[in-house]
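Here is the structure we will look at.
Each chain carries a letter (A, B, C and D) given by its place in the written order, and its residues are counted from 1.
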Amino acid sequence: MNIGLIGLGAMGRAMGANLLRAGYGLRVWNRSPERCEELVALGARKVDVPGDVASGPDGIVLTMVADDAALQAVVDGPGGLHDALGAGGLHVSMSTISPETAAALCAAHAARGVGYVAAPVFGRPDAAAAKKLFVLSAGDRTARERARPVLEAMGQTVIDLGDDPLHANVVKLGGNFMIMGMIEALAETLGLAEGYGVPRQTMVDVLTQTILPAPLVANYGRQIAEHAYSPARFRLALGLKDAELVLGAARTAKVPMPLAQLMQGRLLSAVARGRGELDWTGAALGVAEDAGRAPVKN
Amino acid sequence: MNIGLIGLGAMGRAMGANLLRAGYGLRVWNRSPERCEELVALGARKVDVPGDVASGPDGIVLTMVADDAALQAVVDGPGGLHDALGAGGLHVSMSTISPETAAALCAAHAARGVGYVAAPVFGRPDAAAAKKLFVLSAGDRTARERARPVLEAMGQTVIDLGDDPLHANVVKLGGNFMIMGMIEALAETLGLAEGYGVPRQTMVDVLTQTILPAPLVANYGRQIAEHAYSPARFRLALGLKDAELVLGAARTAKVPMPLAQLMQGRLLSAVARGRGELDWTGAALGVAEDAGRAPVKN
Amino acid sequence: MNIGLIGLGAMGRAMGANLLRAGYGLRVWNRSPERCEELVALGARKVDVPGDVASGPDGIVLTMVADDAALQAVVDGPGGLHDALGAGGLHVSMSTISPETAAALCAAHAARGVGYVAAPVFGRPDAAAAKKLFVLSAGDRTARERARPVLEAMGQTVIDLGDDPLHANVVKLGGNFMIMGMIEALAETLGLAEGYGVPRQTMVDVLTQTILPAPLVANYGRQIAEHAYSPARFRLALGLKDAELVLGAARTAKVPMPLAQLMQGRLLSAVARGRGELDWTGAALGVAEDAGRAPVKN
Amino acid sequence: MNIGLIGLGAMGRAMGANLLRAGYGLRVWNRSPERCEELVALGARKVDVPGDVASGPDGIVLTMVADDAALQAVVDGPGGLHDALGAGGLHVSMSTISPETAAALCAAHAARGVGYVAAPVFGRPDAAAAKKLFVLSAGDRTARERARPVLEAMGQTVIDLGDDPLHANVVKLGGNFMIMGMIEALAETLGLAEGYGVPRQTMVDVLTQTILPAPLVANYGRQIAEHAYSPARFRLALGLKDAELVLGAARTAKVPMPLAQLMQGRLLSAVARGRGELDWTGAALGVAEDAGRAPVKN
């Protein structure tokens, strides 16, 4: 069975490799075409315009692109999915995007008889490579069931969130927000510990040995303890984008989220200081600087 | 071997029962003396003034009281520890108190030849009853080693934090602050989810199945999802006290902690609205109200 | 001389009356056409589509509409300014809009030979009626000089901000943000005073008699002291829009503005609680509620 | 008539000079005795212990010291006011202190028959020198009337706040908080303006010519526009102390004050970065740094 995949950043490449490994035929497109080579070497076929990844009007196309605008471009731009998919087609949208964009996309597809499944994921590129992603899935039942085996080829679990595709987008944003909150909480706690002479890593170790025995806390905690923010596993500039998606959704839902504002401010400040290419845990540098400390390395 | 225990709230009673079970003789004192009966029935001996819990000037005394002022009172008030303990005595201080109070206490004891171990714990009364507490331990090595078997009788792990007793206090405050941050993050995330029609518990379930597989997230998440804040497992008014201890320590260490300020504001607002006796997860009600929602139950 | 005026809310009507009084001929358009009657009774001519307010391709058109979207609609919608104005035309844009929209508009006009002056104002409808507005003015020098006498007919002062029209928009947003900050500061101060039994109005009186002898502080202070937020002089929902324009501009300029975030949260919460039609000083209700106080009237 | 004055910082010296000029006899005491020389040269008499400034048990003593602790020391320390004043004595307390300290002092004096008037002032040392202070006054009516002519000798107005001395303290804290809020609002507005190329001073000028025609806005605005924070007119470290007094009072009154928290964070960060000796407008440096800008001078 053939599948199309649009968007070959670090995430998309790792996911595509797993699809090939699972026996799917794969056509790929990426804005910077040289990014296709890795998957082509594994058997994928590179095409010239986004819509050509579809095996036909009733094909399945996965998208994993940077943001709402990039997604919009590959859908309704020239040679886009709107031109290629028709009745029986299926768009599995895996990027972290706003619920509003998801709703608009879903409606535009429906008018053409194209199914839409929102399938954002938790996990960074190393998890994608190891087929350890957590995949969310929401949308019309038929479409969702059709997408399921494809999604299972890329992750350790597929979590079904029902018929409304926006739910997957909101849950994904909610999860990313939790991580942002964890970054701030860790940064402040480690700053406090350091202020009293407790080694930063000791504070992390106690947390993971007691109240927060989660790999995420251990991994993020270690990065923040060591101020080790490069190379980026998830770019800080993308984290700022996510904070803004969260606040946009909060605005729509009329839910004030002061912690999300705090994190948007931290990330915006980091971008203003030229740190957009660091890992997003680099937001913690702001906490250290506010305390008048120059971190040893960044 | 005989041990003294001062402070028989829900935590102290559960801890004392485990000491008796481990074969220790126990003398107890509590400001409201009727709270002693439960342990007396298990074999403890009730005394009239705090200092009388000591088996002699060289005895071991544990304290688990509400706050800095209560601790100060049982130490240097009439019939207090300062009158009872002398050379070779040991004070194991298990309350959540400020580093400053700990430092002053430690110095005052040292001048009398009394050892001091800071041994705050993570865990609520049910964990204490099940001997599942995580116990921190810091102080002079000899004192720490003497306290260790006693602490092991009350918890699942004793984490050694070295010679400086303040380190245990700061790590404890840091941990409690992480929980506060988690409460706020959960409250905002669940509010966002609810705003888009995602069931609050679904959001919690996804988090614990994916990025945050920690019992604390599951337990606190369930309470917040259901707005189930009564009976209190940890009283909100004590949570406010802890937020203020965190900010006081942050002030001393010159570490601005905006998330700690956010939580102090949430908890103060809850107390102002008459919610001091709820569980501290009840801080989440403020998030719901800011979004114009009246929670179904509280 | 004939002038066109689009947007007849309370501000636009008061401004139009002053233009008629100054002897200008006036053609008017408003989305809800019944709002035109007041000025028609004073001699204005009502037209059917926005572009028809222009006396010709080289005419002068003033716009005073609710937000960026409304402005966009009257400019490039059907029968809009883009169809009506040409070489020698002048658009004097008086609404509070984002710098980005202003920049786009200015460029689109320039491509057609149409001049653009950004001329936002400080003052509420009563000030507009009394010709007491403070008018900012920025844009190409020739255009600015042509607009000046028209602007002088509507305000007590016209403040020239140079050639870049965005500067007027940013200064206007900055001023509105200062007022928001004043609302929060007053609300918190009066809450503190009340908490100690000092009458709220006494606190306002001391401020205006000592460090802040400004009519704005007296007027806003009185409203907040009395929790008198209705009828609205400036609608809270518009205040929320302005807070978001400020944060959008701050995002573009990469300037974290935590106080602007605080106010966006306050205003969003007020809208979520159904207070969008109150005066924007009604944001102060949130401060009272956070302190557990039910204000006597709102 | 003889008056005692304790506390000869820049404020106290300027106030004392005005008392001498008004014909009062003056005895003075200061912790660093060399600070007395300036007033001694003008005719004051320097004494050895604080209590000796009193002309007798029924004398009038003014205090203008740095903080609650300094005041406590001169009152109940050795040779303090408690030893010197008795029935018929009057303590006019002009320092910015917490309402709690004021309440305790007032009660302690009352038990000795000593009157207490809280008389904090608005104005910096140059205003004190020019007899332009705004003086608040609260306390028992008889005491207040006795203090009035003395206070009038030091300021342009004496504002009567009634019988409860705490009211004067709270109003003073509220006023200082308003100034802090103004500093933050100005710093953010000027940062936004600068981000769009609007000169910082232009933004200040528009504000003072339009919505905020207050000398305080002009003066503070100019300092912030130019990042001119040295020499200090009011030390940043004292501003931090005042922010903490505000938050302490807010805690007691159960009034969450997020803007006060924001300012405490800014000021604490500034102190952590070694800026405690700058003028408190230097809090604005934090806003510039968060935006990634290195101010030209500080």
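Couple of notes before you dig in:
Quick note on the criterion: a residue touches a chain if its C-beta (ideal position, glycine included) is under 8 Å from a C-beta of that chain, and two chains touch if they have at least 3 such contacts.
Remember, predicted model here, so these are calculated numbers, not experimental data.
At the chain B-chain D interface, residue numbers used by both copies make up over half of all numbers present, so the two copies contact each other through mostly the same positions.
When each chain is reduced to the average of its Cα atoms, D sits farthest from chain A. Note on chain placement: the centre of chain B and the centre of chain C lie 52 Å apart, centres being C-alpha means. Distance from the chain B centre to the chain D centre is 39 Å, each centre being the mean of its Cα atoms. The distance from the centre of chain A to the centre of chain B, with each centre set as the mean of the Cα atoms, comes to 38 Å.
Shown for chain B are the residues in touch with two or more other chains, namely 250, 254-258, 262, 265, 269, 272, 290-292. Under the stated contact rule, the graph of chain-to-chain touches is complete, every pair of chains being in contact.
Across the interface of their complex, chain C is touched by residues 244, 250-251, 254-258, 261-262, 264-265, 268-269, 271-272 of chain A. Within the complex formed with chain D, the residues of chain C that make contact are 99, 122, 134, 136, 157, 159, 161, 164, 166-167, 170-171, 173-175, 177-179, 181-182, 184-186, 188-198, 202-203, 206-207, 209-214, 216-217, 246, 249-250, 252-260, 262, 287, 290-292.
Contacts from chain C toward chain B in the complex involve residues 265, 269, 272-274, 286, 289-292.
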